[in-house]
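Structures follow.
Next come two complexes built around subunit A: one with subunit B, the other with subunit C.
Now for the complex of A and B:
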């Protein structure tokens, strides 16, 4: 290396602003607190209910804590079946969605074909209309096809719900990939498929990872479709929770299941914090 | 070792001709600079040679073989992009090795070639670094190594140093010139910087609006521009409008004689061809002087209001408002775009060049 380059390297070092404003942003703090209360308090209440055995009106904390309802819930085989079913369903849907949507997203981002914009917007359609009506219509079709109350019937209906997120976010991610990078790979001798696999996909990976995680969590908690199409045979965790709440006045069953349901989102959040910087996430939305 | 021919190529985008009708032969081992203002089509030509655009008309030949319709991945060309276009998810060595891996070369051979290529651009020990850990100049060197390691017949560079600062640009330019000479690789270099073209090229191609304006060596391009555009585009040039009458220009300061038909002409004079002398009976007035260290650039207002630039030795002393006389060593006459004549009004003196 030469001195000229050395001096340049030194000069190009990103300058980190060291001066920070000492003043506290009270308005920002107030908004954060208000939002925090609205988001956190219900969660805390549910969490407390899950461990409460006796909790009567005027007292702020339960009179008796205990794990009775946990034992009762966890000893039920249908809870474990629902948990394993929910995980299998979400994995299948997310995987299928990725296989279908990622190449499609790449096509939307890089190719120009007739009807491109119309087709692109059509992915909004499933979210633009009242979902329940749509689901009832689909359910009647599925009934004729013998898909109601089957695993793959639920997979199909939940797949529809993931399409928008798995198309729109990756399209933005692929559009952000420098075209010259792809051209450089072509120049080095890679065919279009190889370019996609070796350059475009890894470049867009952080944002796509976020979309995949969101789809997984979204599918895990999806209730309406799973209930309408899956009942009575296919009972996912959220569906089971609804039955629990509907059939029993005991709050604790619902609370315990709800806390159990936090597990996947907790892992998803931990994972996404490691995988995805907030900047690449914002990039995916074109911010 | 390869020879490149463009035969009457043309390209239109949305009905407008970006490239009209360009023919060019690049000899084996030659470095040709495509030079022109933005929108002149220089990058489009380069991208057509690389295979990223397909010409609408004409053909591209490498070593006599027609490659016009061959896909970029099959073409024996290697391209360096302005934005370096390194793959930021790979290490430096993986960037360079990518094309070799695609060719299913044995691992040992790949490692040796990558080391050679990185050594060539002076980045021997940088293989394990990430792309973003390198400075701008180093990134562009890796991009050059990545293109060279595949031993392309034609090396294409699309304004590779445009985003670097002046000092580093000059430095890398010299390095590239050395590497190109050593490998004897046929090279096409796109730039909008005339200094870059003058410093690098064996031959310069000046383009304007999709047409070849002039193809010549840097020396001839500067000293004998064929069109008014080239005269104004390469280096700085004073243009003085006047009329020819009976073989003599009617300009009060430069009544040059040339065998040219009567009519309006422009006298084109380089700043260094002007000699400025203090005068009792001034023809012109100094407006401002700028000291560049190696030379003095003097802006002079003529009686008719036109301003000319003259290059003077640094020892010259002029102040704003000084009356001066001007003499020209060498004057080129243009009518419209066409060059009519070149005259030396008095015996040319040896120019001390900056």
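Now for the complex of A and C:
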């Protein structure tokens, strides 16, 4: 039985829950258990592998635990190169994206200009094309421009990937700024820049911060563009990881890298859960 | 209130000021719009044009040769067929898993619901490369599931790794958070009162779902479906790592045609074919967000 089957089997019971009661939420517990197995177990297996020195087949746990493969993985020069490249790429892309998208988001949220709705819609509509096909189309243009297998080629393609998130989340943030407070500041004699800096921005900042963080992490893990445009010169962490998986060199290399790679997403999880759980996040996808 | 008064002051400022503001607005959005034009809209038209016209001796002429090659090549057709199959199976599985999950999250009021939400969103923060690796170690040959089955004396599973079920499991896992979120947002439109009233009138759970809830979230479900189909149809990483080598899904097929066979015109043809197949889902998606924005204004 596969993991997907397990989830299905666990959900056979009727699912419209009862009204407010103090009873134990058995359905919720059943779903928690099923989701827990499906979602958490694969990651636990990887975590165990990362600390296993010897793990031969029928044994349910590794025969020997240890950090030998952490040393082996971390002493590989290609790992460090990929790590530094990935961090440089993600920083560059996130910074560029913030510089060009945040002012645009402010304009979409608060200024009135010709074509505003059409342009904003066209950003949302960029999701309406199958992404990989689009990447192939871009790659064939980059091929003629000599941008394939270069740092800036990958920056450009990853920048496009962040546009959507860096525009619609900040737009929502700017739209939710309390106008009465801005008016009050203006009445007290503050200029428009001062109002923006001291009143509007602080209110929008947490949401914008979450968008920036999600863009950084999303770029760090971006695989398709880096693989298609970057190969063979530009090898980011996820690309290196795929090579490790395909070549099956040493099982633990992949496990150690997975645990390492998961650290940034853990932070993203901590800081942006409220944003992602909010209904405005899903609304951006057109529901 | 404040909104109208602020726009009122703008109007009072006269056309000169309004034009100035319009210009500022356009200026502020120009950089991302230019990027959007150059790297999304232009490549789409360029791709269509490049594959339909070839450079001959006397300039450009119309030709469907690459399309003909694609649709007469059994291998390419198998790849397309596999991709359609995986997309359909994934969409069905996602609906079967996420709709009950979303219904639970929408109506549950216990503290367990917060835990369920956390778990359901969790895969969003696991990059697909790590997921691919984790799935190989868990349901691959001699993986975690095999170890447990062996320990309790059961036979090993038929590993889905490197079969079409590999990408199906990976893609479903990966898409649970977004699908659930979007469905929960769609269920936000179903009022508690309507559900309570129907229940007081004696409606059974199934009737409630069939006559009160489903009609109201039909549109949301179609948007979710379109979005999922668009995402899965052109997935690359999971099919590449977990899927079979032959036939392969369109993502890896395009990548191989582009990078290994260096046949960029054929790769772009394959891309245009995926655009065409996804066009109706894309159009529906765009129409729906446009309508939503209209309704909120």
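Structural remarks
Everything below uses one rule, namely that the second predicted complex is superposed on the first by the 229 of 287 C-alpha atoms of A that agree within 3 Å, B and C clash if a C-alpha of one lies under 4 Å from a C-alpha of the other, contacts with A are read in each partner's own complex, and residues count from 1 in each chain.
Everything that follows uses one rule, which is that a contact is a pair of C-beta atoms (placed from the backbone, for glycine too) under 8 Å apart; a residue touches a chain by one contact, two chains touch by 3 or more.
The structure presented is a predicted model; accordingly, all values stated were derived computationally and were not measured.
In the superposition on chain A, contact is made by A:202 with subunit B only, not with subunit C. In the superposition on chain A, contact is made by A:111 with subunit C only, not with subunit B.
Contacts of A:188 after superposition on the shared chain: subunit B is touched, whereas subunit C is not.
Using the contact criterion defined above for the overlaid structures, shared-chain residue A:62 touches neither subunit B nor subunit C, since it reaches no partner.
Between subunit B and subunit C, C touches the greater number of residues of subunit A.
Once chain A of one complex is fitted onto chain A of the other, the partner contacts of A:268 are limited to subunit C, with no touch recorded for subunit B. Under the contact criterion defined above, the residues of subunit A that touch both subunit B in one complex and subunit C in the other are 1-2, 4, 8, 180, 183. Those residues of subunit B lying in contact with subunit A across their complex are 50-52, 71-75, 77-79, 81-83, 85-89, 98-99, 102-103, 122-123, 135-138, 143, 146-147, 150, 164-165, 167-168, 171. For subunit A in complex with subunit B, the touching residues are 1-2, 4-5, 8-9, 12, 178, 180-181, 183-191, 194, 198-199, 202-203, 205. In the complex of the two chains, the subunit A residues touching subunit C come out as 1-4, 7-8, 11, 14-17, 19-20, 25, 27-29, 31-32, 35-36, 38-43, 45-46, 49, 57-60, 100-101, 103-104, 106-108, 111-117, 119-134, 136-141, 143, 156-157, 159-160, 163, 167, 179-180, 182-183, 217, 221, 223-224, 227-228, 231, 238, 241-242, 245-246, 251, 254-255, 258, 261-262, 265-266, 268-269, 273, 276-277, 279, 281-283, 285-287.
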